[in-house]
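Going by the order they are written in, the chains are A, B, C and D; count residues from 1 in each one.
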Amino acid sequence: MSLILKLFFFAVSLSPTALLMGWDGHLTWTLLDGVGLSLTLTPLAAFFLLLLALAAPLVALPMLRRPADWPSLALYAALLAGMQLLLLAGDFVSFFIGWEIMTWSSYLLLLRSPRTEMATSQSYILFNLASAFLLLAGIMVFYGLTGSFDIRPLVGPTQPQQLALALLFGLAFLIKVGTLPLHIWVPRSYDEAPDIFSAFLSAAISKMGVYGMILLLTLFPEALTGLYGRLLNGPAAGYLLAWVGVITAIVATYKAISQEDMKRLLAYSSIAQVGYITTAVGVGSSLALGGALYLALVHTLVKLLLFISVAGIVLQTGQRRFNDLGRLIERMPISFFGVLIGIIGLAGMPPLPGFAAKYLVFVSLVDARWLLLLAAMILSSTAAFIYCYKLIYAPFLGHANSAGAREAKEAPWPYLVPQVILMALLFGLGVFPGFAIEVLIDPVLTALRMAPLGGSSWAVLTTAYGGYDGVVLMSVFVTAFVLVTGLFLLLRGRMRRAGSPYDLSYAGEVPTEETPLHYGAGMGRELRRIPLVGWILRHSSQGFYLGLTRQMRAAAGLLGGFYAGNPQTWILLAVVVFAVVLGLQAVTGGI
Amino acid sequence: MHAILDSLAMIGVSYIMGFLFYGFYRQLNARVQRRWGPSIWQNFFDNMKFFFKSETLVHGPMFFFGPMIIMAGAFTTVLFVPFLKDSNWLQGYSQYGNLILIIYLLVVGPLGNALAVGSSGNPFGVMGVTRGLTRLMGLEVPFFLGLGLVMLQHETTSVHAIMAAQDGLAHWGIVTNPIAFCVILLPFIASQNGSPFDVVGAPVEVYAGPRVEFGGRLLGVLMTQNMMMSIAKLVLVTDLFLGGATNILVLILKAFALFVLTTAVSMVFPRLRTEQAVDFFWKVPLGLGVLGVILTVWLPWSA
Amino acid sequence: MTMPLTPVWFIALPLLLAFASPLWVRLRLLMPLLVGTPAALLALALGLLPAVRTAPLLETIVIAPPLGIHLQLDSASWLLVALINFAGVVVGAFLWLGETEPYLRERRAFILILLLIAGCNGMVLTGDLFNLYVFLEIAGVSAYALSALRRDAPALEAGLKYLIIGSVAAIFFLFAVVLIYLQTGNLSLAAVARGFSEIPGPMQMLIGLLMLIGLGIKTELFPFNFWVPDIYQGSHPAVASLYSGILVKAFLFVLFHLVFLFLADPGVAGAWLMGLGAITMLVAETVALRQEDLRRMLAYSSLGQIGLITLALGFGVESTTAGGLFHMVNHTLVKLLLFLTAAILLRSFVSARIADFAGAGRARPLAGALFVLGALAVMGLPPLSGFASKLWILKGFAEAGVFWPVALILLAALIEAGYYFRWIKVLYEPRTEVAIEPSEGRWAYLPIGVVAGLIVLLGVAPFLVDDLFIEGARSLLDRTATLVAVLGAGS
Amino acid sequence: MYHKTQREGFQCEGSQCEQALLETGSPVDEARQGVLDQLVSWMRKRSLFVLAYGTGCGAIEMRPLMTSRFDAERFGIIGAATPRQADVLVISGYLAIKTLKRVIRSYEQMQEPKYVIALGSCTINGGMYWDSYNTVKQVDRYLPVDIFINGCMPRPEALIEGFVALQERIARGEKGGFHRYRENIDWYKANQRRVLGDQMPPAYTYDWYHAGGAA
């Protein structure tokens, strides 16, 4: 029985794939009084559906591991249904319905974790609902303008209308992708969510915000250029959005570096990565959108890989803090490779596809002549090396710091299979950077009436600014590696294996297990001595939201005072209101 | 066949240039300090000595593969930087790459090695790595901004195209885009681990930093890649700003001139702390870069 | 002899059965009849539906209007009648199947509930102002008594408070009725409506104000709703579900029925009501943020929804009105669900305070899931029915190009989410030592499950019923049609 | 000369053994005298990375040696930061027992081929600390010293001479002291244990040698 149910859920998790393969045509469903849902699959949505199709089964597999949490699985199914509805939406009502189903089902999934705190769940749901309601407000404005809920370019809106729409929709999607300063719900919820579900949150759900942003671009026929004039050498709105994205990326990167917890680090890194995507969307050219989509693809793969590996570590060691882990490379080698490939992709190092994506974005920034943005983006993507290193060093290298880390075994196969698949995908995409462009991204760009980016073959990535060949790069590197290793081993002399992990050059001292050798959570702490970084790390927007909450509670208390249980007051109030209104009428000459 | 010979030639040239340049550097340094200094071949001897150490300590497989990765990275980097222009030789695979790729390739190796450092379990090594990454974060911003100015100027990321555009002294990058050259100069020194910015491997403070656990042949590998990588960077900057070179002698000459310029800076300035270095990069070279952006992009005549 | 199936049964049947209650005690038919009566009335309503959709049904009691008393079952009041009786069925079934406390299963409770249903049906159906007052008192008095039924201090206090404030409301209303009678000489609604515009302006104002305060207290509008939380908290949740699900809805209907009927141009009154609705909504939702007692929280939430409905109905446009009526139905369903689930939870856990509920959802998964469903529906999250009606309301405002209510409604929904999700979180708090009692009364879930199913069904397929609401809105808004129907074409 | 068979229970005839040890050079490693080996030896000779263990007053003499005045770098002699990178361990002066532990540890962490140069009389016979309760009198009972440089203190010129002597030995292909250490590890360890007691450094090298590890 349980096996059949599990198979059923796995089949459900394959539904995005089935949809992607099998969907053709159009479906409508009347809701009420002239409001209908129309479902259709645009190329843009198909791209994001692909991301969902990648994420859903890979996340489902570890979730199905015994003991299965049935409510989680049911909610996961609802979540997938909502997200597919959202992607298939041909009109804003179904878009919103999908959006909301996604919101509440993911919230309820968040509650399945024993670690979720009230503040976390509240901030998650309130921010996401705020996003949803902004979206709904935007939809209403859109409906007021066009008289229809269909998603289609807006013809001839006035500037204030455009601005209102862009603000409402834009804020909604920016909350969802978690840009600064609307991001504070992200780290804590990614951190405290069930470990596997964090992967889905980061890989798939945040992409829906990206989908929304690109969708928003399509609402305005002349994209960002028409909106609010030009500034410097580009569209002002795009410029603003790009800076929002890049500042998000920078701040989130530094926050990520200072984290002491694996999942929280990954959460901040997600914010940063989505910040890049936001920047690319802000640039808005064909190159940049191609880069944004590419980044989204890579980020999905990478974050799935990293969160699943980390979930495996947490499962096997029971530890999630950097200080409590270490030296797992010997005990969990496959997870090590998972995280390794993941951080290479995350850092955007060649030859993995993260580089291809970043290359497109960098080139698009040069193309747009936004060099300061380029520099800012470089700042955050180089600073990202530090947290990437921290992510692999603290759990896998160094010294084991807890009983859990000392005795861990390799993660069970439902965790390893997705990792291996993802590693293979990343590797393949890295060797053939043109594949993703030509097969996945170009249809979207064509549908958005932009110039496609496809090159002569899948091996190359070409732009007007030059490109590179993934196959050559990979073969040169691999050949060099084999050659170097071979030559090295040919040299005379013997390798001597260190007698113990504590056989270290330590100024003649003899470190022991008690010596604090593991440079885990402290890594990057000295960065706060750099004035700019220190300033960033000292400040937080949390105070603002806490203040808002406090004010709200104070207001609630104040107003709640009226509801004291005293009938005399009630009656007095009724009479007073009566008298005052009559009196006012008398004074103003009504009577 | 040509490709293989060419690759071997590039690796050989960069290695020989590497140890000779560094030998010269040690000589020059000694003379500045009023010493005789070692022979110009000293780096070669040191390197060979390490390669022929009879014992090499390893801390596990990752510790072994780290230097292999960094060496492979150095080879790849060298092979993706065109050494000469208008020539069939010393091109490697540079037509398959571009400037941004090279900049990233420069980092691949060190990051691979950082894994080895981490797996050694020596906190000093990891401290050094963190410092290195911090410095990298500081220097990349102005460095990339300067390169961005170059890419914008030539509207390409292809090093070949940039080289080809610098036809004659008047079109050298250093003449047509002096700000970009000034912007990248100091970060370039830092990327070469040059003196004011060499706190990463501070011998006493962090016990040689990332290299703390490496000895024997592995250290030899690290030395080799360091020399080759330095040459790759020198050649790259030569290509971008000094018009490239049509034959090997010109290449050596130009690279040497650039090398002397950077070493002259290195020799007279004392070491900065990491955060001082980063702060410096974000103030002086970056400020200069922003000025460059204002001049070349923002102002009305430039758009 | 065939009994004609006329609207009068909606009032007569519960009254008759209630007064014959000793018989039912003897026959052990008390509980079946508690369910059966509203069920029969619901069936009657469904049977009358085709007729109602073609034309309003008028039932003259003694003499024809404008002099006599009559009942009017049009599309709008049909909705309310069906709703009231459906709620009656659900609550009755819950009391019967759910093994509730004995005092709710005795004769007194039986009588009072049937009286309440009769009163509400009467209020909705009547076409006569004084009759309206009478039914208002019937419903009110039975409600006071229902509150006090438990006979412990909080219940008695709630009953007494309810009695006091209810009487005050009735007095205001009565004053208004008296003034209207003095001014127009009529008590038939239609006749009054015809003559209302001839009343001098200040007097209209005064009548309006009295009405507003009287019905405002009853319909729980700010600033006349300070009594609500106390009463809801003191009463049994099943009873509270009747208040929130039936009584208030009936009063709301009466309020808007009167407004749209009496005033040729309801603009000013509508604006007032919209303002009051908006304030009610925002204040109630805000105050609910800090409630630590489940029943109190639900009471405030109820107030907030009432505010929303008032806001929607006050706008007086067909689609917002239809949406408002739909939302009335949905809110009743949701509040039935929530209060009845609360009743189940309250039976299992010590108190209704938030701290004592930690982990309740994990100990009672079904009740927890139902609560979550209700909460999602009340916040208007798709694919549940609350969303459909809210969308309808918002769409109405957007069509009219009026965006401030949209903003306020969404803001209120956000605040509402702030406390509902707090409760949900507490409900699913991981707690190791949850005392899992043998779960008794699985049958209690049956009526709740039916309601939940309906909520989902109406959320997914609201097109099944949207005609009813459009017609209801039309008949509520179309003053002349009513006047013509009642008084004849010549009026 | 010290072989396991001769060494049971430290029954060596007091100072005679040690004197013999001091006087005898190491034999040339006959097995390794090919062209490549000579080349390698020459490279090794030209590049000595020094781990200067500044234990006593001799540390003062290392500074002028390394800096402009005497410029050891012209011989290819340069400081190394960590034992892993060093070829030569310079014990510059008397060794307290506390320091001995660190010195042994550092020596064992160096990669072969590795050499030890001991400066000053203190390392030979205790020098002016001959009757100290806390000083190691004869360093080569604990570590295989390749070159002793006599003097109190030896001047940098003497140090250079010592280094050059070491370089010549290396160039000749003589077996370095590390061979002796490996072959007589039990004896050295026993000596070390006698002074260090339970403060012994970890036995990584000991275990390695006994597991058959050889260069």
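Definition applied: a contact is a pair of C-beta atoms (placed from the backbone, for glycine too) under 8 Å apart; a residue touches a chain by one contact, two chains touch by 3 or more.
All figures in this text were calculated on a predicted structure; none of them were measured in a lab.
Here the two chains linked by the largest count of contacting C-beta pairs are A-B.
Chain centres here are means of the Cα atoms, and by that rule the chain farthest away from chain B is C. Taking each chain's centre as the mean of its C-alpha atoms, chain A lies 44 Å from chain C.
Between chain B and chain C, the centres computed from C-alpha atoms are 78 Å apart. If you average the Cα atoms of chain A and of chain B, the two centres end up 35 Å apart. For the pair chain C and chain D, the distance between mean C-alpha positions equals 98 Å. Counting partner chains per residue, chain B shows two or more touched chains at residues 52-57, 207, 212-213, 216.
Residues of chain C found to touch two or more other chains are absent.
Multi-chain contact residues of chain A, defined as those touching 2 or more other chains: 493-494, 496, 498, 502-503, 505, 507. Of all possible chain pairs, those that touch are A-B, A-C, A-D, B-D. On the chain A side of its complex with chain B, the touching residues are 232-233, 327, 329-330, 340, 347-350, 355, 359, 362-363, 365-366, 369, 371-372, 374-376, 378-379, 382-383, 385-386, 389, 392-393, 396-399, 460, 464-469, 472-473, 476-478, 480-481, 483-485, 488, 491-498, 501-507, 516-519, 523-524, 526-527, 529-532. Residues 493-494, 496, 498-500, 502-503, 505, 507-510 of chain A are the ones touching chain D in the complex.
Residues of chain B touching chain A in their complex: 51-60, 62, 64-65, 68-69, 71-73, 75-76, 79-80, 93, 96-101, 104-105, 107-108, 111, 114-115, 118-124, 126-127, 129-130, 133-134, 136-138, 140-142, 144-145, 148-149, 151-152, 155-158, 161, 207, 212-213, 216-217, 221, 274-275, 278-279, 282, 286, 289-290, 293, 297-298, 303.
Residues of chain D that touch chain A in their complex: 53, 82-84, 101-103, 105-106, 109, 201-205, 207-208, 213-215. Note for the complex: chain A touches chain C at residues 30-33, 35, 71, 93, 96-97, 100-101, 103-104, 107-108, 111-112, 114, 116, 118, 121-122, 125-126, 129-130, 133-134, 136-137, 140-141, 143-144, 147, 552-553, 555-557, 559-560, 562-565, 567, 569-571, 573-574, 577-578, 581-582, 585, 590-591.
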